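Shown next, in structure tokens, is the structure this report addresses.
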Amino acid sequence: MHTGKSYTLPQFIFWTRRSIYVLVVLALVPVALHEFLGLKWLIVPWGVVFLLGTTVALSAGFKNLQTYNRMQDAQQVWSSIVSASRTWGILCRDLVPDREGAREFAWRHLAWLAALRHRMRRVMPWETANRAANAEYMRGRAVPEREASLESELGRYLSPDELAQVLTAGNPALQVLALQSRQAQSLLAQGALAAGAFADLTGRLREFQELQGRCERIKHFPYPRQHAFINSLFVGILCVLLPFGIVGEFERLNALADGWTRGYMIWFSVPLSLLITWMYTSLDRVGESTENPFEGSANDVPITQMSRDIEADLRQILGESSLPPAPRAANDIAL
Amino acid sequence: MHTGKSYTLPQFIFWTRRSIYVLVVLALVPVALHEFLGLKWLIVPWGVVFLLGTTVALSAGFKNLQTYNRMQDAQQVWSSIVSASRTWGILCRDLVPDREGAREFAWRHLAWLAALRHRMRRVMPWETANRAANAEYMRGRAVPEREASLESELGRYLSPDELAQVLTAGNPALQVLALQSRQAQSLLAQGALAAGAFADLTGRLREFQELQGRCERIKHFPYPRQHAFINSLFVGILCVLLPFGIVGEFERLNALADGWTRGYMIWFSVPLSLLITWMYTSLDRVGESTENPFEGSANDVPITQMSRDIEADLRQILGESSLPPAPRAANDIAL
Amino acid sequence: MHTGKSYTLPQFIFWTRRSIYVLVVLALVPVALHEFLGLKWLIVPWGVVFLLGTTVALSAGFKNLQTYNRMQDAQQVWSSIVSASRTWGILCRDLVPDREGAREFAWRHLAWLAALRHRMRRVMPWETANRAANAEYMRGRAVPEREASLESELGRYLSPDELAQVLTAGNPALQVLALQSRQAQSLLAQGALAAGAFADLTGRLREFQELQGRCERIKHFPYPRQHAFINSLFVGILCVLLPFGIVGEFERLNALADGWTRGYMIWFSVPLSLLITWMYTSLDRVGESTENPFEGSANDVPITQMSRDIEADLRQILGESSLPPAPRAANDIAL
Amino acid sequence: MHTGKSYTLPQFIFWTRRSIYVLVVLALVPVALHEFLGLKWLIVPWGVVFLLGTTVALSAGFKNLQTYNRMQDAQQVWSSIVSASRTWGILCRDLVPDREGAREFAWRHLAWLAALRHRMRRVMPWETANRAANAEYMRGRAVPEREASLESELGRYLSPDELAQVLTAGNPALQVLALQSRQAQSLLAQGALAAGAFADLTGRLREFQELQGRCERIKHFPYPRQHAFINSLFVGILCVLLPFGIVGEFERLNALADGWTRGYMIWFSVPLSLLITWMYTSLDRVGESTENPFEGSANDVPITQMSRDIEADLRQILGESSLPPAPRAANDIAL
Amino acid sequence: MHTGKSYTLPQFIFWTRRSIYVLVVLALVPVALHEFLGLKWLIVPWGVVFLLGTTVALSAGFKNLQTYNRMQDAQQVWSSIVSASRTWGILCRDLVPDREGAREFAWRHLAWLAALRHRMRRVMPWETANRAANAEYMRGRAVPEREASLESELGRYLSPDELAQVLTAGNPALQVLALQSRQAQSLLAQGALAAGAFADLTGRLREFQELQGRCERIKHFPYPRQHAFINSLFVGILCVLLPFGIVGEFERLNALADGWTRGYMIWFSVPLSLLITWMYTSLDRVGESTENPFEGSANDVPITQMSRDIEADLRQILGESSLPPAPRAANDIAL
């Protein structure tokens, strides 16, 4: 997540520079055809371009609304995870009579968070974080889940025995929740947990299960590929046709021009074509970069930092020494 | 569900090629009337086409928003089914004292999933998966629920006695839930289940009932036919009128043309008409292909694969040997 | 609800034919004024028509979004009624020790459904099902709640004593729920119902109360009349002005025309005006026909059929002989 | 709430006539400048007007969507109040052993409704019900909460002692709920209420608290003034500029005109300007009139009538004689 | 929150005057280039400007919808905090047997509110309340949380011992909730609280945890910076290009002009360019000023005043003397 004031124009231009190279070529094509091959008639009527443009604007608007909602959804789930984790910490402290038992429940919860995070930050085929432009922007900001192995992270929170069980499971996060439930059950059976406390704890575990399910839904169901494709297709077609339309408009302006510009007006279409097509591709790119909130990009939900904050909160609740302060949001990007 | 990077342009053109044939004809009609019958006056003023075009773009935008929401809804329901099923597995393991009894509850739950899936993948009159274009695209990717009979699938999970009861019921999935409830009740009566555990289990069963109801709503209530119809109608009218509008615009361009193109400019309207009308029909088709998330098409919610994943999760929880790995997402399509 | 593949164009034209008559006249008016009265100057600049047209398209789009949501809302409520009714059936069977008592609870629930349905299918002043066009389309498909009296329907489910109480109440459905609650209370007092079972049953009754409230909200609060009015007003104004605009555009085309068409181009404006105005009125009509999901029209939520399905489900659960199969969805319309 | 078929055009014109006076003047200004001062050049290019018009249409569309949602929200809250009140009545009758005690609980609930209604119908600075046009339309339809004092209404339901406590409280409705809670508590302490019944009743009271909070939110948070302002500003600017644009278009039509109209075409711009600007102001007014659902206007949620219906329902449940029938929805307006 | 009738035009112009200065310059640039440097050909075809304008209008519309939803979300959370706080007060009074204990629970709740408020009113990098225009508007209206220290506010509600614990915690509000939970737990252990009462209280504490989480989500996740940036970028580009487009349109009007205006028409483009670009920047500014509902600006959710109202409600419930009346909404701005 970008946590600064705003992106800056240079950053943005740098980020989109690969598109700009292509768009410059597209803007030059019709001018070249007009000037060098003399194909004066090769224009697209502006009315057609305009119709296309409004259609693309509308469809990009709806797309950005939908990807924004995906992002919002992801933020809500993780915000609920934060609240539920704090409640979990307080419940453990107050309901589990044995102090060490409470600590175990809390630590295992941190293991769940770590397993969930690693699951969220896997690479899916439709994610775009590895595209040249995005990867370049994130250079020097490593995705922590791809730096540290799950094993080393879980090792901080789980006993070796449990660690082995979790690592061999197909779905480690689910396995951690299953361990929590079993532990609660066995404390209940031993009489170390009151029935009400047991109900409270398992109710929370059910909630974590649902929150994990919601995370997985966002991660595993991409923004429908058919919607994504048709939007990019529309933008692409617009970028090809628009310069032919603008060239036509500038041919007309020749009448107004005099002096050295007469007859050369058409060259002024290049920067304008470039600007407009760049705006539409940028709009599409912004939507695309919001599609996958867990891909490890600059627009992610900062789940690593949130997990760290949860750990700090749980330590505060349990009265433990707090974490060493972590470097936060390097260059305004929190992951 | 398409799980790859994106659709490709050739795939998309192949998928829509039947529309393209029709659109080529529609694009040629006005040119033919102008050139061969000399009906130079037979054009539609561009202003009219433009008004129509923005209206169609808007109404297609809203339609795609609504069908997207249907898809989202279906994803949410099945994502909740996954979470609730895992919780069910953990509850069975921890609350049902008898290990065999726990296994029975879990297996019967898989029977519910199978019955629900078969219900979801029935063919409804308004579904479009069997249209030539869609069926062709899915060739070689059989819908598993139409390959294996419900009886054989349920036979893996139910005792012969229960199987008979379920198969004769009007609504097999409901019957499975009724069997689960009866079993819980009889364990409670035998004292084999604590009151709290019973409440927990029946609470989950109520949740499954609701989730089944939400699935059935999406399956049984189509996207309102009057909305679907008017959208297709609008797109159709636009595809007929637009070429007459573009022809008019190109007639004007004759003034700019010289050399061999003079007088033939109008022929250049054909590819442009085709491109624009193809874009609008594709937009409509994309919306339509998102309408029915359980029809067995390339854009379905992959309920077969999700059920398989649930089975693997339940086996992991119950400590059983896991399933043989299934072929997943052949050619990027998960069902 | 229309349960077929789609509406057909002839059906749609037939349904809207009364509008078409009016629109033909509106399309002829400007031509007549131009040709017979020579008022060549009486046109509306196309720019004005276009502005109006996009405004109408936008406002119709938003209206259709809102009425679609009303429809969705109604579908969700009734889908929840189906799920909750099945759960109710299973609860009655499993929690009420006395088999006859269970049957009574279930039958009384069917009485609630019948009373609610009759309430939903009453005629409200703002409903449009009785308009000539709609009534004609539904000819031969009687609304069952207007055929059979509430008394005869309730008589199938209630004892004569209860029937009398329910029929004299201002709100029969509410009275049925009050009877259910009283019965549960008296079983609890007699010790025939466990405390947990009582809580479960009354929890469900509370849910039915809420579902009834949500139904009544949709039924009793129309789509705001001020919004409905302004939309129809806009469409009406557009239908009057648009032909004057198209006439103006066709006057310009006279320059392109030669031979017999020269000077008569303006007559070609009539079909085009008609087509475009028909599209806008149809868009408005489609929105309007989705406004009231319980009015007994072709676009209703099929609550009669759903109630029948619930009855079949309850019979299956209670092990009773099932209903004789009902004629379903005559001519693709389910009510 | 308007409960009739629809608003009629004369009603609507009468309601907006003050705007019409202003708009006539605005439509005449450019004509006068052209004709009497000869400022032929003083026009606004139509392209500019068009851009402005689509922007205003879009922003008015979004505003109406948002105010519609406020209205929906208010309807949902009050619909929930109806359902919860009926459930409250049934709970009181069945759970409170003493018949008089049950009646007291129900009557106090009606006092809560009355206090809440009076709170909702207070006048807020941003409400528009007192504007000349709105006040005029509502003449003869007094807002009941402004006719009868809260004291007299509460006096029907509360003992003098409680009445005094409630009237001196800052938030009477909250005080009534606090009294209900205290009464439930004291019955529990006396053993006159079972623990389960107590939990049920206080659960309902919590729900009423939340419903009151939701009502207060809608009442106390206006539609954001910055959004409301910018919309009205845009509409105002459009109404000033549009006639200058239409005048320009009609100047061009002079070429088409002959006979007596030649040179006078510009006068025909007046009715057209008026019509279009009137449509935009009406759209804005409709949105504005939906903003505040409790202000006592013709578009309110009819909370007085709903409260009366709740009283009738509670009397039916408690077996009391029903209310004398109230005059309902005078002139199709329910309050 | 602005609680008055509306913003006034002078207020609005004053607020946006810094933009106006820039826009005047932008509007003068093309005129100067035309008139003084003779670059008559330097215009942007109006079609291009129009396409850009509709795109900007659409994207600003969607942005304002999204920021409006953020604001709504914040209002809903705080409205829920009000309801839940009142319920908390009633619960404390009725469930905690010891009057002093009840008062302590309520006072600690006020401490939670204070801590939460201070957290909400911290300054984030992306907030715009400190921009010159906004800060100027708010001059004389200090944000209370930046005037009084958290320590002095908490000191009113907490014992010195608890105060120390809360102030040293990383998240004071969370620490207060942890203290509440511990206190409830210890009362339960002492037998001073019934099990049901304990469950009720801890259920409420869980709810406060969730509400705090929702507040923090809105505060800590800005409106996505990439969306905010691209919107402002689009508006900026439009403001640069639009004057070049309007200049082109006015050059054409020279033909209509005569007398002294002939040849000077172009100067009339300046006010029009200014007006239109001002409208678009204002639309963007209104959206921006709604983005961050807790930044201490004129469009904030008035959390200080709401907290004060909660304190008054709690005092009323507990029967304490009420607060001295506070100055409310100075100059129509409530904070």
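Chains here go by letter, A, B, C, D and E, matching the order in which they are written, and residues are numbered from 1 within each.
The criterion applied here is as follows: contacts are C-beta pairs under 8 Å (C-beta built on N, C-alpha and C of every residue); 3 or more make two chains touch, one makes a residue touch a chain.
Chains and their UniProt names: A, B, C, D, E = Bestrophin family ion channel.
This is a predicted model, so every value here is computed, not measured.
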To test your reading of the model: what rotation angle superimposes subunit B (Bestrophin family ion channel) on subunit C (Bestrophin family ion channel) by C-alpha positions, in degrees to the nearest 5? 70
Roughly how far is subunit A (Bestrophin family ion channel) from subunit C (Bestrophin family ion channel), going centre to centre by Cα mean, in whole Å? 40
How many angstrom between the C-alpha centroids of subunit D (Bestrophin family ion channel) and subunit C (Bestrophin family ion channel)? 25
Multi-partner residues of subunit B (Bestrophin family ion channel) (at least 2 other chains): 50, 54, 58, 61, 65
Could you classify the connectivity of these chains, where an edge means two chains touch, as line, ring, star, complete or other? ring
Around the ring from subunit A (Bestrophin family ion channel), first stepping to subunit E (Bestrophin family ion channel): the sequence of chains is A, E, D, C, B
Quick one: which bits of subunit D (Bestrophin family ion channel) touch subunit C (Bestrophin family ion channel) in the complex? Just the residue numbers, please. 1-7, 9, 12, 46, 49-50, 53-54, 57-58, 61, 64-65, 68, 71, 75-76, 79-80, 82-84, 86-87, 90, 93-95, 196, 200, 245-246, 249-250, 252-253, 256-258, 261-262, 265, 268, 272, 275-276, 279-280, 282-283, 286, 289-290, 299, 301, 312-313, 316-317, 322, 332
Which stretch or stretches of subunit C (Bestrophin family ion channel) touch subunit D (Bestrophin family ion channel) in the complex? 39-45, 47-48, 50-52, 54-55, 58-59, 61-62, 65-66, 125-126, 169-171, 174-175, 177-178, 181-182, 185, 195, 199, 202, 205-206, 209-210, 212-214, 216-217, 221-222, 224-230, 232-234, 237, 251
